[in-house]
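What follows is a single structure, written as structure tokens, with notes after it.
Here the chain labels run A, B, C, D and E in written order, and each chain numbers its own residues starting at 1.
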Amino acid sequence: MTPGILAIIVLVLTAAGYVLGRRRALALAKRDGARLHSLPGHYGQAVALFTMVPALLLMAAWLFLQPLLIDNQISSQIPDSVIPEGGARSLVMADVRRIADGLDRLVETGRVSEDALSSMQADTTDIRGRLAEVGVALGSDVAPAVFDAAKSYRSIADTSALLRNIAVLATALAFGFLALQRVKPAMRARNISETFIRSLLIGSSLVAILTTFGIVASLLFETIHFFRLYPARDFFFSTVWNPQFRGGSDLGILPLLWGTFYVSVVALLLAVPIGLMIAIYLAEYSGRALRSFAKPAIEILAGIPTIVYGLFALITVGPFLRDWLAQPLGLGTSSSSVLTAGLVMGIMLIPFVSSLSDDVINAVPQAMRDGSYGLGATQSETIRKVIMPAALPGIVGAILLAASRAIGETMIVVMGAGAAARLGLNPLEAMTTVTVKIVSQLTGDTEFASPETLVAFALGLTLFVFTLGLNILALYIVRKYREQYE
Amino acid sequence: MNMLTDAAVEETLQPLYKPAASKMTGKDVTVHYGEKQALFGVNLEVPEKQVMALIGPSGCGKSTFLRCLNRMNDTIDICRVGGSILLDGEDIYDPRIDVVELRARVGMVFQKPNPFPKSIYENVAYGPRIHGLAWKKSEFDEVVETSLQKAGLFNEVKDRLHEPGTGLSGGQQQRLCIARAIAVSPEVILMDEPCSALDPIATAKVEELIDELRQNYTIVIVTHSMQQAARVSQRTAMFHLGNLVEEGPTEKMFTNPDDKRTQDYITGRFG
Amino acid sequence: RDQVQIAGSSTVLPYASIVAEAFGENTDYPTPVVESGGSGAGRKKLCEGVGENTIDIANSSSRIKQSDIDLCAQNGVKDIQEVRIGYDGIVFASDINGPEYAFTPADWHNALAAKVLKDGQLVDNPYKKWNEIRADLPDQEILAFIPGTKHGTREVFDEKVIIDGCEENGTAEALKAAGLEEKECMALRTDGVSIDIDGDYTETLARVDANKNGIGVFGLSFYQNNTDKLRVGTMGGVVPSVETIAAGEYPVSRPLYFYVKNAHLDVIPGLQEYVEFFVSDEIAGPDGPLAAYGLVSDPELAKTQEKVKNRVPMGALN
Amino acid sequence: MTDLTASSALAGAQGRSLFERGERTRRRHAAEKRFRMIGLAAVVFGILALFGLLGSILTNGVSSFRQTYVALDIHLDPAKLDKAGTRDPEALRKLTTFTYQPLIKAAVDRLISEKGISIEGLGGKDAEGIISKEAPAELRRFVLADPSKIGETVRFELLADGRIDGYYKGRVTMETAKLDRNVTPEQLMLADALKAEGALTTRFNWSFFTAPDASDTRPEAAGLGVAILGSAYMMLIVLCLSLPIGVAASIYLEEFAPRNRLTDIIEVNIANLAAVPSIVFGILGLAVFINYAGLPQSAPIVGGLVLTLMTLPTIIIATRAALKAVPPSIREAALGVGASKMQSIFHHVLPLAAPGILTGTIIGLAQALGETAPLLLIGMVAFVREFPAAPPGGFFDPASALPVQVYNWTQRGDPAFIERASGAIIVLLVFLIIMNLGAIFLRRRFERRW
Amino acid sequence: MNMLTDAAVEETLQPLYKPAASKMTGKDVTVHYGEKQALFGVNLEVPEKQVMALIGPSGCGKSTFLRCLNRMNDTIDICRVGGSILLDGEDIYDPRIDVVELRARVGMVFQKPNPFPKSIYENVAYGPRIHGLAWKKSEFDEVVETSLQKAGLFNEVKDRLHEPGTGLSGGQQQRLCIARAIAVSPEVILMDEPCSALDPIATAKVEELIDELRQNYTIVIVTHSMQQAARVSQRTAMFHLGNLVEEGPTEKMFTNPDDKRTQDYITGRFG
């Protein structure tokens, strides 16, 4: 029985638990005429939960611990002699697992019977060849000690799997039965299922935390590696970004951070006012027809692949700005510029601001508007002085989201702003952002273990810390100026 | 301007019974909310510098009529108003009319207290600010203080003027809303059950205030309390199922109504 | 897993996908999956270990590095075959309606380097127009779209054009005389005349389209697909083409490779067949589809075929 | 002072006709009008930007929905295909597509001579060059499927070469053909002649939606089949994971979590995740899902998980804002009749917050649908021609995705791929619209003021 | 169960004046909103199956105390409750107490009408549904109809049971909220100025209803209307500035209060 089938059986038991629990609660209520503490469905849920949760937890724990324990045991069987020079025990163990897995498949596909397998010997059979038949890749031929280890790995794993199945099913049945016995009108069934839901909710919010840990962890290792190869001082304080293939690169983050900041600010300067005005217009002025058309239509802007925006920046906006703005003003001849990327990205960000703000504005109670109109305020006064402050926290959230998106955008910047890392004030010159360089250094032709590639991780981590700071600042601001209605 | 003086003269001569010059006039006012008709051809004159009370059972259209008087109904999409309503002889539903100016002249206090999510001070200063009635900080301080005092709230909140208005108790909130309306010194003040959330002491203060305001302002008040109507109003109008049943001097309405329904409603009253 | 998995260079990707497609339709094996993601990343993936959820082949537009080999060894990937599939030509092309260009590496160095030798003096690059560098070049403003530093092409450009040019026009000596390193040769000007392209050749093409006086650096195959839009410049008097590069006349080219994990050869169905198919004459030969698409066929293809058949792992890097 | 303010108000408004407007009122109205106009202008700008972008995509891309075909009677010559005459499938399988090319050449030549077309300067390889390089593969598939057809003459509708197709879409002209290495003006003339004879037609291109990707040499054969499936699988995973997890997390944070340092940290943390560049999620996915958890490369399951993590912050932020906006009185009302907190949330608060949640979902999914960068690192930016199996098994098969196809195609040398990339963007947008229509419909149902 | 019968016996014997067995008891109840203290050690017994009125000027803490009785204050983060409150002798602030069960037994009607944005029917059916008081459609129909009838709303809305409850007029909304509370048949009903938005006829109906409910339920009502307090309650408690000034039989409170402040408040009354 594979874990999948086991899980399905547990789920079937769970369903049965639900039905029985519910039925029992109903029966009790009728017989005693007692008022149930909770709805019958809650009793069903409680029984179902007791059936499912301990069993699945046990199963998860088992699945997690079993390989560790078995590995430990098998690993001690392997003599040092079969461990190749410079190799590690863990590599051999990986081989053992792979072989055991392959043997399983051999048996499953009927190529080898269980008996034949037990008499199979590494020095007489071409194990590598046999396993290749079932698509298990081995790096080299199999040493007898390793093969024996694999065989005992299999038998231990089999026993363990059997024990696991029994234990899990017994747990499910026992807990389910106990829970069913405990079903009484006074049982706080709803609290049980609500506690469970609550822990699910908590679990979900932990996903975000885990993601952060995952990100930091997956960046940190290579970042440390990078700083071993490249001085941190130069990375953080050098104003030159100039990677080279032959080493001796200048990898200063400052011009990239500046570019990120500059492009994002330009984008937000376009997106925030326009987005807010759209939100206001749709929420407060427009008729239902326009609103129900315009809102989803504008949301499409967020869904157009950024490469389209990139091409738009490259082919249309860039040359236009160059010919009509940069050259007449003598500010340069570059067709890719901060302004190009910023403006085009701003368009993409409009729906982030407009849609979310529109929802928040719409949620401000009508009584607020009435109060203001009743005093003779015009609609715009009402909006600016009453509705906006009331909706402020949500709007700040929307802007933050847009800013976040601006910082993380790649394609538009590559095509619109160019790839030149530069510290400058002229918005009509090419610049580039941290994100762009993360992508290009990571997907480039340089060897992985060189600072030129690893710098991508350091850039990612720095940006992460940097935006974290910005977010803390934003939270502080929102806290300070929030105004609660009702 | 003539009308104004005339009205003033008339009122001093005959303080009650005889209708004063009308400040606002509703002619054949009908209101639909979508399909549903809420008012059926109401004809009503609101006398100048008097208090008119609108009474009637719940859902009969009092609030609806009141909201027509300063076009608050404009904000409800499905609401359609027919007939005409005149303010000083000018039709307020004329397309050339400026609703904003209208509402500055015809202020409103609502049934549910709805302070803005701002400080108490800002709540009151809001009207004067948008209408440009005050410029300097001192002027604002002045108008905020007087308005709060008139609404009988000043002493309770004087130490927390800069805390949010939403943190007040229900009654305090409603008085704040009254203060807010007074702060723009409108000509007509519409009040939709302004005291329904107030305790007797505060109610008394507001009623006193209404009496005081009557010197300069025209007031229309919706109320469920017959006592209140009797106490504060000079004229009373009785609504029923979207119709104006009867209108007349308050005293007469409460003692000798023409309509059977008014009679029933009033005698069916308690306390 | 029943299909071959390949990752790596975006330069090799078009060729690899042509082969994969042909392999899929001519054999019973499923069409291999060819990822792009850069040579460096591809080699890293190759060296992640042996097993089903690691890739079988890494395409690379440059030779594998020692650090990669070390990583492989560390992860138990011992035998790797190196397969050279041909050469990638790098061409300099401008808008089809513009003038003809006949370059030398020295011209390019003069045009793009930060410091150049002018009248025997090392000066900050003063040139604005090509004909200021050499009178018989067109009277056009200098504007070059060169590959960004992420691209392997840039390495070749630096080596075969800029450094060679640097030596050709004497700047290298002058630099050495001034006590500067050879590296200074490669320092390019930053006044917006030389523009790095981090995207791909389509982006370069779009930029040339938007800047009619711009000159872009392209792969030969890309140019061959766009001969109606681009006018190619000669280098040292040689017109770039599959033939001139194969003959070694045109200087700017580089070999392309893929690396095969030998441990997978017997276990991933179709892997050995794919490798042999790739280097077969029908595919990689001078008349095959790869050459038709612009890959310069390897004159030593027969040797490669032999090595592939015998699964000869690569030796130490030299 | 009271009187002063009162009288200033009197001076301002009282007693004057409603038809006259004071100076200040006029200014206020001007401001109102300006504000409104700015709002309208913003909406118009947004919609124009959309239409501009859509317009350029459409004009570039609709042509990819049509394709040029050539009808050819091909003699499946036994002398070439089956010299032994055994029709042995094993032997036939050994024949490569290169064997079939001459059959096509023969058929084209015969067609030309039958129709009496003569074009000056038509080179030896030019005639067969108007047929796609996909054609031999098609023939081979046909023969392998039914070896008994060998010896017969069969009519095939073969794809025309990309340049010929481009000629009928305006991409290629006689002028450019002169310069173009891959097509000659004579070939175009031949195509025109065939068109006049009815052998060459341009018609709707179903295979664009069903065929897998094709290599750089045959843009005319490239389709979106694998990409559409891959995107659909990924979106399914993203929707099924990110919506419940995102909403659950938001509910916990907004309704249950005590207000303390820890929740502040979580809050900042989520906002910060939204700012993490998408490629970093790719790094995470590679490290966690592929290297650590051992999930396969290039598989929609990994793509789906990575995009889920990427979408979560957007959904959480939007959902929290929506939950915040539900008035407390609704919660109180439910609690007052004895609903538990959980019930008050699930019965009353959530439905009221639904519009905001759906907005977040729409934006999050839109973003996920169009994202390429994280897929780059987990191997989905790839040339994939095999279709993934049906779910759930298919979640683990290699697949491509729509934005990946766009990204790949825009990088290819042949300009025919630009048109196809625009076509793919159209499909992606249609995909997006279909996906969002449901959400938009639901949002409109839930949307109300109270 | 004993207590219950005892109380019933007592009540039939001595319907007024002498306090019945107490259903709820507040001991030294203090409430803080953040820094601000809103109640200062209130000791109050709520007699079983009687109506107790809480009166006092606005902001004195009536609503606050009322909300303590079914722990509605739990929902306000900054609100801290001290002392203890007993329901049938059990401390409702005991951590083992299930708040939900408490609130099912101690229902509440709020000052501002707050119908759910659902249909009228669903508004009323919601309570019975979550408490499992009805199962079949017919049972729901039944409970919805009786509850609406008891709240005096049924006739007005019987044709639009499936239209949104938020579309009703203010008064109708409040009556809907009362119907919603009644529908779960709680033991104690807390009403925070339930009639402040009702017209006299509806008020009379509700007062009748309260009187009727008193047979089976314990009722605590906050009101601003002395008349209402006098009409419906058996006992009255007077609050001032967060303190319980005085508590006693309503008749005594209104005729012969012990405390000067009560005296002042009551005589300062109007109408």
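Note that in this section a residue touches a chain if its C-beta (ideal position, glycine included) is under 8 Å from a C-beta of that chain, and two chains touch if they have at least 3 such contacts.
Here the structure is a predicted model, which means the values were calculated and not measured.
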Inquiry  = Just to be sure I understand the contacts, which chains border both subunit E and subunit C?
reply    = A, D
Request  = Looking across all chain pairs, point out the one with the most C-beta pairs in contact.
outcome  = A-D
Chain ID, smallest distance between chain and overall C-alpha centroids = A
Message = For subunit B versus subunit E, what separation do you get between their C-alpha means, in angstrom?
response = 31
Key: subunit A and subunit B, separation of their C-alpha mean positions in angstrom   = 57
Key: Length of the line joining the C-alpha centres of subunit A and subunit E, rounded to whole Å   = 49
Query = From the C-alpha centre of subunit D to that of subunit E, how far is it in Å?
reply = 59
Query = Which positions in subunit D touch two or more other chains at once?
reply = 28-29, 32, 328-329, 340, 376-377, 410, 450
For subunit A, residues that touch 2 or more chains besides their own = 190, 311, 365-366, 378, 381, 442-443, 485-486
Ask   = In subunit C, which residues are in touch with two or more of the other chains?
value = 1, 10, 37, 41, 52
Message = Under the stated touch criterion, can you name all the chain pairs that qualify?
response = A-B, A-C, A-D, A-E, B-D, B-E, C-D, D-E
Remark   = Interface with subunit A, subunit E side, in the complex: residues 98, 100-101, 130-132
Note = So, in the complex, the side of subunit C touching subunit A is made of residues 1-2, 9-10, 37-41, 43-44, 49-52, 60-62, 65, 67-68, 70-71, 73, 75-78, 148-152, 154-155, 158, 183, 186, 190, 192, 195-199, 203, 206-207, 209-211, 263-264, 266-269
Ask   = In their complex, what parts of subunit D are in touch with subunit B?
value = 1-2, 5-6, 8-10, 12-15, 17-19, 21-22, 24-25, 28-29, 32
Request  = Name, in rising order, each residue of subunit D that touches subunit E in their complex.
outcome  = 259, 328-340, 343, 347-348, 351-352, 448, 450
Ask   = Touching subunit C in the complex: which residues of subunit D?
value = 93, 96-98, 133, 137, 140-141, 172, 176-177, 179-182, 214-218, 290-291, 294-298, 376-377, 379-386, 398, 408, 410-415, 418
